[in-house]
Amino acid sequence: MQIDRNFLYSVIASFLEEDIGRGDITTQSVVFDAVNGRGRFWAKQDMVVAGLEVAEAVFATLDPELEIEAFVYEGEPVKAGKELARIDGPAAVLLAGERVALNLLQRMAGVATLTRKYVDAVQGTKAHVVDTRKTIPGLRMLDKYAVLMGGGRNHRFGLDDGILIKDNHIALAGGIDVAVRRAREQAGHLHKIEVEVGNQEQLQEAIDAGADVILLDNMNPAQIAEAVKFVRDNERGRNILLEASGRITLENVAEYAHAGVDFISSGAITHSAPAVDISFKIARIA
Amino acid sequence: MQIDRNFLYSVIASFLEEDIGRGDITTQSVVFDAVNGRGRFWAKQDMVVAGLEVAEAVFATLDPELEIEAFVYEGEPVKAGKELARIDGPAAVLLAGERVALNLLQRMAGVATLTRKYVDAVQGTKAHVVDTRKTIPGLRMLDKYAVLMGGGRNHRFGLDDGILIKDNHIALAGGIDVAVRRAREQAGHLHKIEVEVGNQEQLQEAIDAGADVILLDNMNPAQIAEAVKFVRDNERGRNILLEASGRITLENVAEYAHAGVDFISSGAITHSAPAVDISFKIARIA
Amino acid sequence: MQIDRNFLYSVIASFLEEDIGRGDITTQSVVFDAVNGRGRFWAKQDMVVAGLEVAEAVFATLDPELEIEAFVYEGEPVKAGKELARIDGPAAVLLAGERVALNLLQRMAGVATLTRKYVDAVQGTKAHVVDTRKTIPGLRMLDKYAVLMGGGRNHRFGLDDGILIKDNHIALAGGIDVAVRRAREQAGHLHKIEVEVGNQEQLQEAIDAGADVILLDNMNPAQIAEAVKFVRDNERGRNILLEASGRITLENVAEYAHAGVDFISSGAITHSAPAVDISFKIARIA
Amino acid sequence: MQIDRNFLYSVIASFLEEDIGRGDITTQSVVFDAVNGRGRFWAKQDMVVAGLEVAEAVFATLDPELEIEAFVYEGEPVKAGKELARIDGPAAVLLAGERVALNLLQRMAGVATLTRKYVDAVQGTKAHVVDTRKTIPGLRMLDKYAVLMGGGRNHRFGLDDGILIKDNHIALAGGIDVAVRRAREQAGHLHKIEVEVGNQEQLQEAIDAGADVILLDNMNPAQIAEAVKFVRDNERGRNILLEASGRITLENVAEYAHAGVDFISSGAITHSAPAVDISFKIARIA
Amino acid sequence: MQIDRNFLYSVIASFLEEDIGRGDITTQSVVFDAVNGRGRFWAKQDMVVAGLEVAEAVFATLDPELEIEAFVYEGEPVKAGKELARIDGPAAVLLAGERVALNLLQRMAGVATLTRKYVDAVQGTKAHVVDTRKTIPGLRMLDKYAVLMGGGRNHRFGLDDGILIKDNHIALAGGIDVAVRRAREQAGHLHKIEVEVGNQEQLQEAIDAGADVILLDNMNPAQIAEAVKFVRDNERGRNILLEASGRITLENVAEYAHAGVDFISSGAITHSAPAVDISFKIARIA
Amino acid sequence: MQIDRNFLYSVIASFLEEDIGRGDITTQSVVFDAVNGRGRFWAKQDMVVAGLEVAEAVFATLDPELEIEAFVYEGEPVKAGKELARIDGPAAVLLAGERVALNLLQRMAGVATLTRKYVDAVQGTKAHVVDTRKTIPGLRMLDKYAVLMGGGRNHRFGLDDGILIKDNHIALAGGIDVAVRRAREQAGHLHKIEVEVGNQEQLQEAIDAGADVILLDNMNPAQIAEAVKFVRDNERGRNILLEASGRITLENVAEYAHAGVDFISSGAITHSAPAVDISFKIARIA
């Protein structure tokens, strides 16, 4: 996945406008324009790196000639104390971009770091950790990129690029069978159809309706294991992809993975990832 | 604080575009246009409410006639199981807006809930809990509103509405004295000048330079108490406002407050607030 | 399919700006502001109607109180001479919106009318006529809506909502097998994989690679029929969807349909649809 | 005519967003980032070239370093089989821009090719073929540029840069005389006044009112010839410019031209020009 | 002339954003949300009114329900002390919109007032006072509307809606004759051609070249009178429109008018019009 | 103060669009594309220079390779006849940018020139001349920059970056005391509080309420002097900053300054500054 360049520069411009507004009045009055500085990003805790390219784009928006020299690669796990990157340029530009760069970098690395913990926990199983649409509004692209850097995979990017029939849809459509049938008739022929089920009866209906993917929602690991067996034992279920969601935590994710699903989706890796701690120190240079 | 209406509708339009893109292909194929539904927001954990107006704006953007009926007020602490709000309208609209509304509401209530914990912890002291610029890029207004709803106060909204001379500025300007002097000469006459200090020597310099506000950074509660006494004992320091930041957690915030500062600023209440759990269930109505 | 309201009003505003610029200097100098008129849209040839809602949005952008009264429904085939719709309001508004409304309506009905001819031609077979990405830049949503109104179906809306591995991809990836394998590993688990093939050998490769959909490109009807048989006779090919494209015209589309494919895609129905003839006459009213 | 650079890059960005959305998921999963390719544009039918600069801007928007090497000039008539242009660069960029570039190029060359046929048909007369405002919404600049490349001329670019009093205006104003008088009083002193007439009586009124240009609408060639003679025989008509419109086709345009008008305007050259066929083949390069 | 509604609301939104930024912190902290007020606009000097509709749009942008009740009409000359308009609504909205409304109103009335002085000065002659492109960037529409309200007329709105060949063009093209000839060949057939001349020789060239309008630049009234006679005595010059510009002040404009030109253009009425004095007082209402 | 680069290029793009619209039809038809020119800016009156960087940005927007060579510095006082700057490039670009560049430059230098007159008039006193929010909508940043170039200082940039309690606020809040108290409680701790007073009684209230800055409005110099003495004689008033506004003209500003205030604010330096006269002559170069 590449973060689209035009998108990136557009959102960064708005983030900078949000933070800088009419100008950095402290720096403008306190620091002479001619002063140059070297800014260094330091990891203040163990983390998985994500977002250095985004941080670079922050400074490049303010001054197109600035480039970050990175000492780590995206997705790399690093220890506290590691110098992540360095950037030389006018001190006023470093100060103006510092906060937005850090806010983005600390969040993206935070998401990558938390995702990696889930991914490590399911190692040895065939399950992939996937994200959800429970991302920070406005940051979905960056959140999903960070998930990839943490070793996870991406689920739908939006309501327009995948068909997932959830409980609310089923209730409103009048059942799984009719919902899947309509989707098959109306949706584009390149889309698979995923159906959310909450119990054995719905599971049977989803299989019968011809779902391509089944989301097993809010079940415990034992129920999941039973459901997996039920699907695999069914002739029509052999090629159906299975996904688990709900109630999943870092503590129990391994159990879910061992229950045999193909995918485990987690909202927490994006909506509740704490920021990691990164410092940015600027020294004057000639 | 009022969230600016034009700003709010503008960002929500972009959040909806991010999530919906070219259209909600599941709902369009599965749910008939004519179906109406009632959506209910339920608290699934204890929380402080924030963002119902924002959630309403999400649905109103999709269909200007939809209005949320709220059963709680902004800033109200509620228990798990409480119905927060209800909205009636075309099912397709409820489904299209659901995720963006929840993503915003769960984050904003998350920030308010965490802030409230800090505020409760310092009760009985004169200290105010204040936020920082460590907010989610693009969501600063909403984050700062949520802090207010949690009982906190707002620090600077951006680099342009307050003067805060930090370690990097001091290093680049060549000292506290020269930095404050320049700020006094150049900045508008309605701005106070805040200076970040890390030790006793800098504290003395800041007092001598005539700082209006002093930020005591990265000190432990004992050091803070000592610094407060030092300032208050100084004739020129009597009217100086004092703020503590760095190393502060929910566990130790009370100690900081009892050390006598006027303000305690925390980045964690915005950059690391976990989302609270809220569900949205839609039932078909005539 | 619903045309997204926010999208629609946004593009119409830019279309009106393109046509009106700084103002309609003829009408402003010639027609008094107080004059009201009734505008009538007349079909001047046989056609399938599409775009009345779009035409209405044009006038509503100029004056939010104007509404078209339509005498036909979207997708309805009408004869020359039919009054399609009527709109009452300030004459200056009718004159300012006339050209943009007609340009959109004539194009959209043009696409629907041509699509309907293809759809009628394949009646009695199981083939669906589908569009392509060969739409007018900026008008894709409207073009694809018009295709639906003409009885066709929609293929991908963009590069981001479906996987179609074409000749250029195969050449650059180094073969069908490797291309499909990579797509399977990297793409989201809700996407099917379509592969374009130009001959028997590639067809075999696509089946072996596990393609979900196969695009038979630039073959004549006999070759198509042979390919269909080949796939259906193959055990792994039974559930593969088959699409034909290239060289297809209104004259030969029936032959392609009878060859047994599931989908026939045509760029001509969007990139070369002539505008239909519709007049807009305004009479003064009290 | 130069296509305004800022306008061009702005609309192309929106066209690319329409087609690419969140990213080219096929190419991203199938083609390695490091692969470079050479893309070649080939004419698959005889045509007049128009839009290569626009196609170049498509690729340059995606990657500012890419430049097309063109082998033909804008407005040049070429034969089927001619290589039009070549572009080297990252294969992923060539694939991402291909469709938008072709959609624009095929349309613009389509307009130029059809215009050229009209222009060739009137050769030997003094008549100029001119376009109308019946262009594709959003593409007027490109359509009008393509008309020039086909040897035609441009009429008004919008309602704000010329005064053309049409049948609807006359009806609403209460006659030709009053309409022209008002226009003379109110409009800027750099504008000529054109009046549409449909019969001899209106023609006399337009001459008497002092029209600078007269549009003879929906007449056959014989009627046109008679009208031309009538105007030229009138002392006040000697300097009046004459334009014919309506009912004009490629088959009869020469007759209209020989009837003696100065301009023949055609909506068909823009609203109904079929796309020409151009292919884009990419080969891997080192 | 109508000020385009979409344009007006768009620029006002940006003007309000410029002034209000993240919010009116004084009013938000000092005035309770529930307080309503009545704001009154008073003329503090004699003036010609212009811009009340614009001022209303400012408040309506902040609160769509607010409407100004005007006691004067646009273009009306009023005496100091006159109440111009009144608006009732939430006090916070009146305070937030006050400055932008006044800044626009005071400028627009300033332009109208100054223009009216020029227009009054030339009364009794056939000369029209016209504006130029020397307007405030971003405010051209409003400036030109204010000129109309002051009794003046509008020259070109931009470089795209009229042909005016000035000294720089003549120098670069190589003479008046060649410049006019090229313009005749290339420009649309609805445009007249205006040529700027600075002396008798150029005047002769412009007449010979067939200029439709001649701009007599930087001449004194006697020279102008001589030039007018020269043109009118020339058979080809009888229908040529004559415009004077340069060196014109309120003191000498009557002399220029009596010299016989059709138009007198003045940059000063827009680029140097002082703001008129208008006050806005708010009283609390129930 | 630095004019923000992204802001500058964004507004200039809209100013150019306002002036150029669909293209410079005179230059496009009259001047060959290949012609190069040298444009020179000449001062036609004595002035203080401001805005050359802005003028350069105008041309650079049209052609990124163009750069102005300036012969004067920003803020420099120059005599009539001085060549200010020179720019070489395609003649068509110089002609297209000329008017917008001059409109901005003449206004900004006009503001700087007028400001300098006020500043010179108060020389020898401690008073600073400051601007207001009475700027041209859309041009606040440029107006305030020009004030600095003229030797003045900047007051608030908007309603969000300073607290100024004016007569309307006091009336609506119910008195100075309550207004200041609320502001102290609600506003951020980096803001000083300024209160407008119109008489002795209010002055006393403002001092008692603890105002940081007091605005003495609409008083004559003698009243101001009395008020200054009153404040300075009051123990709590020693550190209060004093500002005078209202009724101030170039003729009496020195009297106000000698009355002892710290700041004198003037709306006239921005809302009524006449444009200075600058010419731009283009000569053809090889």
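For clarity, chains are labelled A, B, C, D, E and F in written order, and residue numbers in each chain start from 1.
The working rule: a contact is a pair of C-beta atoms (placed from the backbone, for glycine too) under 8 Å apart; a residue touches a chain by one contact, two chains touch by 3 or more.
Predicted model only: the values in this text are computed from it and were never measured.
If you take subunit A and subunit C together, the chains in touch with both are B, D, E, F.
The minimum number of touch steps linking subunit B to subunit F comes to 1.
Counting the residue numbers used at the interface between subunit C and subunit D, over half appear in both copies, so the two copies meet with largely the same residues.
Think of it this way: of B-F, A-F or A-C, only one pair shares over half of the C-E contact pairs by residue number, and it is A-F.
For subunit A, the chain with the farthest CA centroid is E.
Averaged C-alpha coordinates give centres for subunit E and subunit F that are 22 Å from one another.
One inter-chain figure worth recording: subunit A and subunit D are separated by 46 Å, centre to centre, where each centre is the mean of the chain's CA atoms.
Shared contact sites, meaning residues of subunit A that touch two or more other chains, fall at 20-23, 28, 157-158, 160-164, 188, 191. A complete topology is adopted by the chain contact network, contact being made between every pair of chains.
Interface of subunit F with subunit B (complex): residues 130, 153-157, 160-164, 188-192, 194, 212-213, 241, 243, 262-263.
Here subunit B touches subunit A in the complex through residues 11, 14-15, 18-31, 35, 37, 91, 94-96, 98-100, 102-104, 106-107, 110, 133-140, 157-169, 171-173, 179, 182-183, 185-188, 191, 267-268, 271-272, 274-275, 281-284, going by the rule given at the top.
Put simply, subunit F touches subunit C in their complex at residues 21-22. Interface residues of subunit B, counted against subunit E in their complex, comprise 1-2, 4, 6, 141, 157-158, 161.
Only residues 13, 16-17, 20, 22-23, 28, 33, 61 of subunit C touch subunit E when the two sit together in their complex.
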